[in-house]
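Next come two complexes, and both contain chain A; in the first it sits with chain B, in the second with chain C.
Showing the complex of A and B:
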C-alpha cells in the first residue's frame, strides 16, 4: 500500500472519529454522508472526462463498480445485483475501511460510521450522472459490506 | 524449536499485549505484576548496557539467554517494545520481530482507529494475525 493510500485511510478514519465525537449520534451520519456526496460528485467529473457518454442506468452502475471503485478503493466491487426495478446491491467482500478493523463481528456497532462516507460517495457519483438515489449500507460480518442503492424516479 | 510467549509494551511502559503459547512454568504472580517486573528489568538492562558498553552501543540491548530459554528484544524508533521468549536454538528473531512490528502491529493496531494508543490491544483481528504470523514463521527460525 502506497503512502497516499495510507494517508487517505487515516484522514478518513480521523474525520469519522472527529465527527462522531463532536456531534450527537444521529447528526454525525448526515455530515459524513454529505462529505462523501460532494466528493463523489466532483470525483466522477474527473474520472469520466475521457470516457464516452453512458446512457443506460445499468451501465453507469457497472462503471461505478469497476472504474470508480478501483479508483477509490484499488479493487472492484465483487458482486452487483439488481431487480431491474431500480434497486441495486453492491457487494464488496473486502471493504477497504474494514480490512484493518475486524474479521468478524467485533466493532460491528461502530462499523456503519466507517461506511457512511462511501454511501455518500456513491450517491454523489450517481447524482452527477443524473440519477437520484438513496444509498444505505448493510454490514453483517466484516470485512464484507453491502451497499443498497434505491434509484428514485427522475423528476424530469 | 519453541516460542513461549510475547509481550508488547509501549513507550510509557504500558503492557499493550501479552500471550502465551507453550509456557510450562508460571511465575506465580498476576500478569500485571509480571509485566511490571518484566518492564522494570528491561529498563534496567537497557541503561546498564548503554552505560557499561566500551563503544557506542548503537543498537543497544538485543537479547539474553539462560540455559533453558532466550529472551529477544526489539524496540521500534517510536519506543514500542517487543519481547519474545523462545528456546535457545532459535535464530534470526530480530528480523522476525521487525517484521512483526511492520506487518502486524502497524497494520492492525496503528491503522485501526478503534484501538486507542497507549491502551491494551483488544482487536480480535490483531490477535488472529499475530497467532497466524508466529505459526507461519516457526520454520524460518531454525
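Showing the complex of A and C:
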C-alpha cells in the first residue's frame, strides 16, 4: 500500500470517528453517506470528461466495478451480479477499509460505519451518470462485503 | 468480468478523491460549528490524530533514525511531504537560533479546487497539516508549534507553514493532547 493511500485511509477513519462522536447513533450514517455522495458525484464529473459516453446501465456499472474501483480501492470488484431488473450486487472479497480492521466477525458491529462513505460514493457516481439509486451494504464477515444497488426508475 | 485496460490515471484520481474528501469534511465542519475558530480547532485535532499514527507508518517505511538537530528533522518532514502528498516544500527562513523554520509550498494539494468565500477569511483551510505535524513530532518526543503565516487561498503568493521547536519531551508518557 503506497504512502498516499495510507493518508486517505487515515483521513477516512478520522472522518468516521468525528461524525460518529458528533451525532446520535442513528444520524451519523446519513451524513457519512452524504459526504460520500458528494465526493462520488464530483469525482465522476472530473474523471469521465475525456471518456466516451456510455449507453447502457450495465456498461456504467462495469465501469464502476473495474476502472473506478481499481482507482479508489486498488482492486476490481470481485463479482458483479444483476437480475437485469435494476438490482445489482457488488461483491468485494477484500474491501479496502476493512482489510486492516478484522478478518472474521470481530468488530462486525462497527463495520457498517466504514462502508457507508462508499455507499454514498457509489450512489453519487451513478447519479452523475444519470442513474438514481439506493445503495446499501451487507457485511457478514470482514473483510468481504456486498453492496446492493437498487436502481430507481428514472423520472424523465 | 473481462479486464479492460485502465483508462484512468490512478494517481490523479486518488489525489483528487483525497482533495474532494477533505473538502467535503471541511464543509461539513463549517455546517456543524458556528464559529470558524472551532472549525480550525477541530481540523487541527483531526490532524493530530492522523499525525500520531502516521509517524509510525513513516518510520516503518523509511527506516529513519533519531534526529539530532532540527535541520535533520526538517529534512525528514520535507521527505514526508513528498511521500504522502507528492509535493516538496522548500525549507526557508531559518531563525538565527536554528529553532524555527518555514515550509514553503508552491502548490497545496489540499486546496486544489478551493476558493474561500470572502466572509471566511479566518478559516485555516489546511489546518489539518499543522495538527498532523504536531502530532507526529510529539511521538518522536519533540514539542513543536506550527502555524500558517501565508496562504495562497488568502491571496498570498505561496503557502508558508512556520514550525517552531519548543522543547524536547522527556522519556516518559507522552503528554496527552489536553
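By our rule, the second predicted complex is superposed on the first by the 156 of 156 C-alpha atoms of A that agree within 3 Å, B and C clash if a C-alpha of one lies under 4 Å from a C-alpha of the other, contacts with A are read in each partner's own complex, and residues count from 1 in each chain.
Throughout what follows, a contact is a pair of C-beta atoms (placed from the backbone, for glycine too) under 8 Å apart; a residue touches a chain by one contact, two chains touch by 3 or more.
Remember, predicted model here, so these are calculated numbers, not experimental data.
Engineer: Touching A:100 in the superposition: chain B (first), chain C (second), both, neither?
Structural biologist: First partner only, chain B.
Engineer: Quick check for you: in the superposed arrangement, does A:14 touch first (chain B), second (chain C), both or neither?
Structural biologist: Both: A:14 reaches chain B and chain C.
Engineer: Who does A:66 touch here: chain B (first), chain C (second), both, or neither?
Structural biologist: second
Engineer: Compare chain B and chain C by how many residues of chain A each one touches, and report the one with more.
Structural biologist: With both complexes superposed on chain A, more residues of chain A are touched by C.
Engineer: Given the touch rule stated above, what does A:6 touch, chain B (first), chain C (second), both, or neither?
Structural biologist: Both: A:6 reaches chain B and chain C.
Engineer: Return the residues of chain A at which the contacts from chain B and from chain C coincide.
Structural biologist: In the superposed arrangement, which is not itself an observed complex, chain A uses residues 6, 10, 14, 17 for both chain B and chain C.
Engineer: Show me the residue ranges of chain C that touch chain A in the complex, using the header's touch definition.
Structural biologist: 1, 3-4, 6-8, 10-18, 20-22, 24-25, 28, 32, 42, 46, 49-50, 53-54, 57, 61, 83-86
Engineer: Of all residues in chain A, which touch chain C in the complex?
Structural biologist: Answer in residue numbers: 3-8, 10-12, 14-15, 17-19, 22, 31, 35, 38-39, 42-43, 46-47, 51, 62, 65-68, 70-72, 76-77, 80.
Engineer: Sort out for me which residues of chain B touch chain A in the complex.
Structural biologist: 107-108, 111-114, 123-125, 128
Engineer: So in the complex, the part of chain A that touches chain B is made up of which residues?
Structural biologist: Touch residues, chain A against chain B: 6, 9-10, 13-14, 16-17, 100-104, 106-107, 110.
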